[in-house]
């Protein structure tokens, strides 16, 4: 049965794609039918993913020897572009995570979208997204990955802009697509260079070709290629400086935020680096760049999250920060830690977002956390799930985040002290802002006109399942030997460095305490603190003005330049054309004197021509005679 | 092959034009039915040819030959190979779609469809002719209907339609004048006994035409085909022309007619004048790069939908030129595929714009908003075309673009790099346009606009099927094109071995 | 071939008295030129037509003269002139009818007033 | 009467003989040529310059007749006859008729000419034409052959019905068409 799943792994992305087609062409007007179809196909694909996982464990399939099936998609010249499936433990883990979260989110959406007339469309897009993401995970080569990479970008665009009648959603969708497109540009260049350098884009073949290549020619060009490739993940995984789209992406319906912009799509970048880790890990310079980009992003986003007020935006910056963590882990050489955190983060971040969705729906679209309060009593189940999520992301043992974050900190500590300190500081900030979120929204007094009620069962059960996963996945991964399963290079040793773990737990505790004092006990005024911090606060609150910077860039280099070029086109290029036309017109005016409509003028001109021709032929004849001499 | 399939495809629209001529002015229904029926027949036959074409065998198939003007060596010779077959398919599919796009024409319906049929026949002829004389003849047949159609059924926006029409026509004629000189000098230089393309190509590749002549003649052809393909700086007719033309003409023009330029460059430029092509290739690459970026930038500040798509098509033609200039099998495959891809999506765009314009008489982006509320089908059409033009996988443009990039990056690294950067700008202007026109708050003035249905829906369905079909199964397209490009490989290998002559290494 | 600088009076006299092809060609040229001058200067449509007839005659004269003086096996030249006369006659008939028509439509046969061809 | 005829005949014959004896038949032929050419040219000049268009028409006839005589001089008797009949007769009458139909006012100034500027321009064009054509005529080295004796009418008839039968028929059709066309033009299609 596991073998059946393995050999039919290509069905995993195709099933949701089929659901998309059926809904899109048939049932999109029928909400219930659409939901049923989407969930059924996702469920099937989840079962198959479980089967694949089972096959990987039982067979066993190891990282060094993946299972590959592929088929020719297009052939151009002598380059074969193929599509297929590549299954190794990494893939299996991703399949499991993606199908699980996707299934749960779809179930949740039944409740969440119950009153939206566009729900059919919503389920179609969700299915398409699941298909694209699963196709990306199963990629056998860079081309396939790029193709599905673009498709998940499309789904993200469609889903962020799902409320297309809202200007903000429309703009956010556009921004997301274009920002990630900049990353894709770099990635595309990298992929093309891979093809040109190695003559193939296939992961397995590249893996075998690479060592010889480096041995023979060194890493110069490869470094450029890898850096170009890395631009893609910077865009997709919201790393600095292309992170700007991710917070805005929260304009989409909340389940989308949970599925795409927290749990799955944004980790595509991390996954790409992990999938091509044989390439990146061979190039120390690139690794260092990745580590610093990741570390900086993690800290940078955390400092912004501390001051934000909308519920989902805090979570969005938290996502950016956690993605930075994953990148950092990759940069310091630990594929295991990164992928481990990817998995746990997917569960608890999806949980947090779904809770956010529940809360915001209960609050009738009110997103500002300072307008909530006391929700603990109104929404007990949501509160408990939320609390579990917060504790998990803050790294409180024995929840999931503790194990994965600890693995990253340990890996960073081995490589570089500054990076470790940065990561630890981020951990502290993370605990603080998550505690702030929890305390402000769920503790304290219930606001007088608060409409919040507990959510319905469709939305509640996915929360509970995700909460359970957030609790156990870390410990399960840790004790079941995640590191022996997904790794690159030598197998990482599974142990907990108690010094590092102790430090981070202690810092977390301090952060929780501080948040409690400020936001629950009100011992210190948050307002006072922000006023004291002055510039720092404003920078953080305004997200370091990155968006404004980009707006200026765009206005100057895109719109103004476009206007200048248009002027050039109208007045120079077209000017020449019209000038030529005017010149011709003028010339025809002069020549037109010969043709004023009077027959006699025509006759005169005609005979002038006759005379000229005769004179010319006489001349020729005379010259001929001169040459021939007295032949006549 | 006993049944004269290609002749039927070529002459059916002419026969339809004749039949429509004989009908009274008032019988609009019969006129439209004849046009639609004829184009359906042609499309079905072409699809049959496409399916029956033997890609393993390759070469010219479905050939027909009848000596015509024996003194000049003119033969009525038709045939399709892997390069022209996709173009023929494109012509008939877009032709059929354009008939339905013009379904609601009220003004002088009869004249319109007569001209449209003649136009389609002319374009068909250029692609299936194996004789240069027939090629030129068909090309000239195309020009006049376009002019008349712009004048009578066109629309005046930024520039008067008379200006747009005459500009378009003059550029086309100028191109054909250069072409004519090039072709005649070619004919004479090759011995002056045949206009057959195979014979000329054999002469060109066997060294009968010396290098200087090739360089000179290629320049003439480049000026001709280049202005047809809206190569910078000969592009300014294209946005103005599309803006002035009725939507069927825009569709055929952007979708197919422009492609005659690229097709001619490959069929004549490369095959007959390989050394000339090699000489001018770096210049073409540089201009192509300008095309891509320059037009994309300008598209960004346009207000009129047709201008946006007009400049967008100039930009996309840059990719075709770039693929041609790299002169290797991969890039040329990409160039041909890109012509097909762009044809489908540009005509889809124009048909959708035509629908909006027909119903609202608006085409300016700031005046349109929130159409998705009232016109979901139109929205699907716009999104499909827009996303295809952004190069999304699963739609027709992805593989061709990717192929061109793979083929050109090693030959012209800088040009290719900048041209690839064009994908960002393309995304920018296309998404801006889509966002503004389709999305946003509900606008009540568009509430009464009916969505596409019946005949109006046909272009969307027809072109959409190809857009998605060739996108999901690119081998359907690439396989046929490959069979056309494979025979060129020895020639291309020979060329790439020779040193670049003009600058080189842009 | 005559060298214009070594012509003596006798040469000229001999040329003037020995009528040959050249004389007829010159005569035809003179007639033609007169007709042309008339065609360019007359204002009326019918006088212009008359001048055209003069020019046609000059041409016919040429044809006949060629037939007479050049080595010809048959009378093709004369026949050409005959056809030319036929065509010329047809032309006169149509031309006069046209003039009549123009006169009826526009009440003038003045060529100055007939400039419809003007773009 | 007979005597008178024979006298003239002998006079002419005698004159001819005398002239031949004097070694000057060329001179006489030249005189005839110049006389006929003078008639043709001077009448042509008159056609162009006369102020009265009726005079022009009459002089045109004279010029035609002069040309017809020159045809006879060139051994083209039949051509001369045709010239007299067609041009000297039919065309002249046609033109006079047309003049009568399109003229109402004073005949004395019925053939107006253009201004001096136009006249000079026309003179330049015509002069240039005469110059180039004259030069061409004088400078061209024609190889002249002696006249071939023969019946011109018979020869033409022979050619017309054998070698040139198709152009002959075409010319006939052309004349027919011209006739119908002229009638329709003159009468107007709606009336006809």
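Here the chain labels run A, B, C and D in written order, and each chain numbers its own residues starting at 1.
FYI, a residue touches a chain if its C-beta (ideal position, glycine included) is under 8 Å from a C-beta of that chain, and two chains touch if they have at least 3 such contacts.
Here the structure is a predicted model, which means the values were calculated and not measured.
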Nearest-to-centre chain - CA centroid comparison: B
Looking only at C-beta pair counts, which chain-chain interface has the most contacts? C-D
Between chain A and chain B, what distance separates the C-alpha centroids? Give it in angstrom. 35
Quick check: how many Å separate the C-alpha centres of chain C and chain D? 9
Express in whole angstrom the distance between the two chain centres, defined as the mean CA positions of chain B and chain D. 64
Please report how many Å separate the Cα centroid of chain A from that of chain C, as a whole number. 90
Per-residue overlap in chain C, given as positions that touch at least 2 other chains: 1, 36, 40
Indicate the residues of chain D shared as contacts by at least two other chains. 121-122, 125, 129, 133, 136, 139, 141
Touch graph of the chains shown: is it line, ring, star, complete or other? other
Where on chain A does chain D make contact in their complex? 604, 607-608, 610-611, 614-615, 618, 621-622, 632
Would you tell me which residues of chain D are touching chain C in their complex? 26-27, 29-30, 33, 37, 40-41, 44-45, 47-48, 53, 56-57, 60, 63-64, 67, 70-71, 74-76, 78-79, 82-83, 86-87, 90-91, 94-95, 97-99, 101-102, 110-114, 118-119, 121-123, 125-127, 129-130, 133-134, 136-139, 141-145, 147-148, 150, 152, 155-156, 159-160, 163-164, 167-168, 171, 174-175, 177-179, 181-183, 185-186, 188
In the complex, go through chain B and note every residue touching chain A. 167, 170, 232-233, 235-237, 294, 297-302, 328-330, 333-334, 337, 370, 372-373, 387, 391-394, 398-399, 402-403, 405-407, 409-410, 417, 420-421, 423-425, 427-428, 431-432, 435, 438-442, 474-475, 478-479, 482, 485
Show me the residue ranges of chain C that touch chain A in the complex, using the header's touch definition. 1, 36, 39-40, 48, 111-112, 114-119
Residue numbers of chain C touching chain D in their complex, please. 1-2, 16-27, 29-38, 40-47, 49-51, 53-54, 57, 60-61, 64-65, 67-72, 74-76, 78-79, 81-83, 85-94, 96-101, 103-104, 109
